[in-house]
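Naming follows writing order (A, B and C), and every chain is counted from residue 1.
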């Protein structure tokens, strides 16, 4: 234990300490700023490259280029067999479908786990938690076969339908945590009023759980938008049901090379929805990401 | 793909499950609640059995068969597993994935913690910096970013251009050289440290300031502070992030597929396990073999997770145990 | 609060029902046929670059004008992923009616009973082969049975960028050359183009078609008549050796550059990317290559060896699925492509030189300079003694041998395997692939 005597023994002048503190602070700013620039530069480069004509993309480093070619966007939009609007629509369909599915089914399950008592509940709860840890690839082959038997391969259904059955156990868990923060007095009050479980769930719990619902919706949207593996497997055969990620992955092959500007333009567009969500829901997103491991 | 809040799971496993005493429980009421519970869970039950538990069992069965989607599965016993261990590409996939996990996860966590430490000091425009560091992890798993990465590390890409500005002239295509291709993917993964960083940041902000003030009166410097106070208190989050990132890294697919053009090359240097699974199962339609591969992955992830759990008692310090 | 939940419920229900509706639309929209007696919808699958797609769409449109009751939808992919995607589609029960087939894969699909025997259509003239080139026809049969109509023949060729050759000042390549002459020329060319960072030739050690020519020049075919490997490990080793020499002298692209080529079509090639002056390919790809660059390209013969190596290859077949409900319509479309002037001119020479004499005559007036060059090349090669008829067919699994060659050659190029080890690895992989 260092006593204050020793401290004063090695005393330095106050101003020196203040200076060194300010210097470290300055250093921290430099590092953080530098790091931020490094982190964000690839994205900035992507945007700037999307406006550059082909021959300048890989020859100039700067973000600003002598020539601007917004035509990359319109050319890229129509570069494939179908305009990108089709692919964006497909992506949108599965994302919205997944969002609705998750919101409904996960909240139902979460309410049951958080608020209701029923037989064998611990067992089902453990099963649900186990489902979160399960690598999806163990399921993918039998699911594929199942969807093949149902005739759903080559449609958007395999990407949407499971969401209506609470297969994203992570969000069940997220909602459970949130619902547990809702005071029990409300439950008791509702019981006295003779409110049924469903109407209590619908009228009281859901509105109060709005932050968890919104977080679920946003993360579901983002993860579904980016889910390349699932889309790659199920959306074969017909280019008209391709989603944006699949279309992007085929882009260079299908357009005869030398079209990186267009590719980057479409890439930028494909990232915009996520970025948009981020801008609007920043606080919620960051809160959601920060608290997935912490008790509220 | 879903994340796994294992930290909470560990706590749940330790605590009793969420049951509550109801002083006004009546038999009929309980029965109604029982029925309500099962009704509410009905969608989940369907999902669990049709899309989760059922497929798990089915894939175990399939792993002992040969099945190419035409006709019926043909029982072959352990053949798929034996073939796996003799398949040089399988070993390539295992090696590549292990290297990826072992490199990217600790690096990512270390950077995340470091940046979180820097940010928690309460800088001006903290929100902006936090946002900038977080955005890559939101966008990073997309096809668009993987395509970008492939071009950035190509022979005339951004990285080489930046290096030449510093006076280092290289013409190697980092993504097309077997010795370096995997590291570009590691860098891509580490670039996405924003998500664990946020978790660390939130955790760091929860450490009571009194601890540091107490240490200051004892004359502790910042380094001592870190090792004596910060690090121990943050270990639950380190553990949580470790599990989360590790499980995610084992299942990575998009970067490998896009950067290598679906080949896992050059010379299998970027053949992630899931990519090889995809090639075998959905390219060659060897569904039995792919199922066996999936089960080996499952077991590997389970083993690593269990190892992490088991060793956690030696280095993870929970607040509620510090009494 | 009840008002809020009421609105939300309405919205939820509306959203749900519209999604269900959309999904049902998807269900209805997928699958091959939607029409009743009025219109029939067929599906066609083929591989190729975007330029081929344009031509195919033109042909489909022309066909539709003559047969308004038949609609054809199509999908296409790069050759390297085409058969994987086709397999997945077949496995999901959704087989295209018209399937473009490659000679190295057709035996596989015939074995699995995926393809329709077209003999009856040929006999009743639904598909008219009366003036079809007999040699090409013979080479496109599987065990003597017609499972796909050859859409065209081509010869293996080299293509080079004349602008780059001129800039290099090394002179144009001779009309015929040996492998050693090619190596010397390429080394000189590379040296001259070094300042631009362009190599003379790609590393073609992984190209099965070039390898096949090498093998044939060494005296055997790739396969025996009973479907086994006919080449020797030594032949493989000498092939790898040659390209090793090319890499060392800088005549061809180094491993790292060649590894950036992950597709197989013209658009993925180093020539199209402006990184190599030469490319190897089939003569029918010449026009595709030309669309990818502004520099004029020219055709060049493949280096010659001790024995004739080149041969007239049935470029691709158009087959009909054995489960197609519209086999007769599909056959009519095939006939349209190979004999009807409108169909023939629509697809042009992109799929090869047509086997039917009528078709060749129909093409004559419409030929562009690019196409004329291909025909000139074809007759040059046919006449200069560098070709011999191929006497064997690819056994099932031949496609995998091609993949194996590409993988092993890459490992050798990067030095991960020695030439001898690589040769033996490839040989074993090939044996395994066709067993």
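Here is the rule we use: a residue touches a chain if its C-beta (ideal position, glycine included) is under 8 Å from a C-beta of that chain, and two chains touch if they have at least 3 such contacts.
Computed from a prediction, not measured in an experiment: that's the story for all the values here.
*Asks:* Between A-C and A-B, which chain pair shares more contacting C-beta pairs?
*Replies:* Ranking A-C and A-B by C-beta contacts puts A-B first.
*Asks:* From the centre of chain A, which other chain's Cα mean sits the farthest off?
*Replies:* The most remote chain is C.
*Asks:* Any idea how many Å lie between the Cα centroids of chain A and chain C?
*Replies:* 40
*Asks:* From the mean C-alpha coordinate of chain A to that of chain B, what's the distance rounded to whole Å?
*Replies:* 14
*Asks:* Give the residues of chain A touching no fewer than two other chains, as numbers and ranges.
*Replies:* 104, 148
*Asks:* Two or more other chains touching the same residue: where does that happen in chain B?
*Replies:* In chain B, the residues touching two or more other chains are 69, 154, 282.
*Asks:* Going by the contact rule already set, what residues in chain C reach two or more other chains?
*Replies:* If we look for residues of chain C contacting two or more partner chains, we find 88, 91-92, 263.
*Asks:* Within the complex, which stretch of chain A touches chain B?
*Replies:* That would be residues 1-4, 6-7, 25, 28-29, 31-33, 35-36, 39-43, 45-46, 58-59, 61, 104-105, 108-109, 111-114, 116-119, 121-122, 124-125, 127-129, 131-146, 148, 162, 164-170, 172-174, 176-177, 180, 184, 191, 197-198, 201, 222-223, 225-229, 232-233, 244-246, 248-249, 260, 263-264, 266-268, 270-271, 274-275, 278, 282, 285-286, 289-295 of chain A.
*Asks:* For the complex, which residues does chain A have touching chain C?
*Replies:* Those residues of chain A that touch chain C are 81, 93, 96-97, 100, 104, 148, 151-157, 160-161, 202-203, 206-207, 236-239, 241, 250, 252-258.
*Asks:* Flag every residue of chain C that touches chain B in the complex, lowest number first.
*Replies:* 81, 84, 87-88, 90-92, 112, 197, 255-257, 259-260, 262-263, 407, 410-411, 414, 416
*Asks:* Taking the complex as given, what residues does chain C use to touch chain A?
*Replies:* The touching residues are 1-2, 4-5, 8-9, 12, 15-16, 19, 22-23, 26-27, 29-31, 49-51, 53, 73, 75, 77-78, 85, 88-89, 91-94, 263, 265-268, 272-273, 291-292.
*Asks:* Using the touch rule from the top, collect the residues of chain B that touch chain C in their complex.
*Replies:* 68-70, 154-155, 171-173, 175-178, 260-263, 265-268, 282-285
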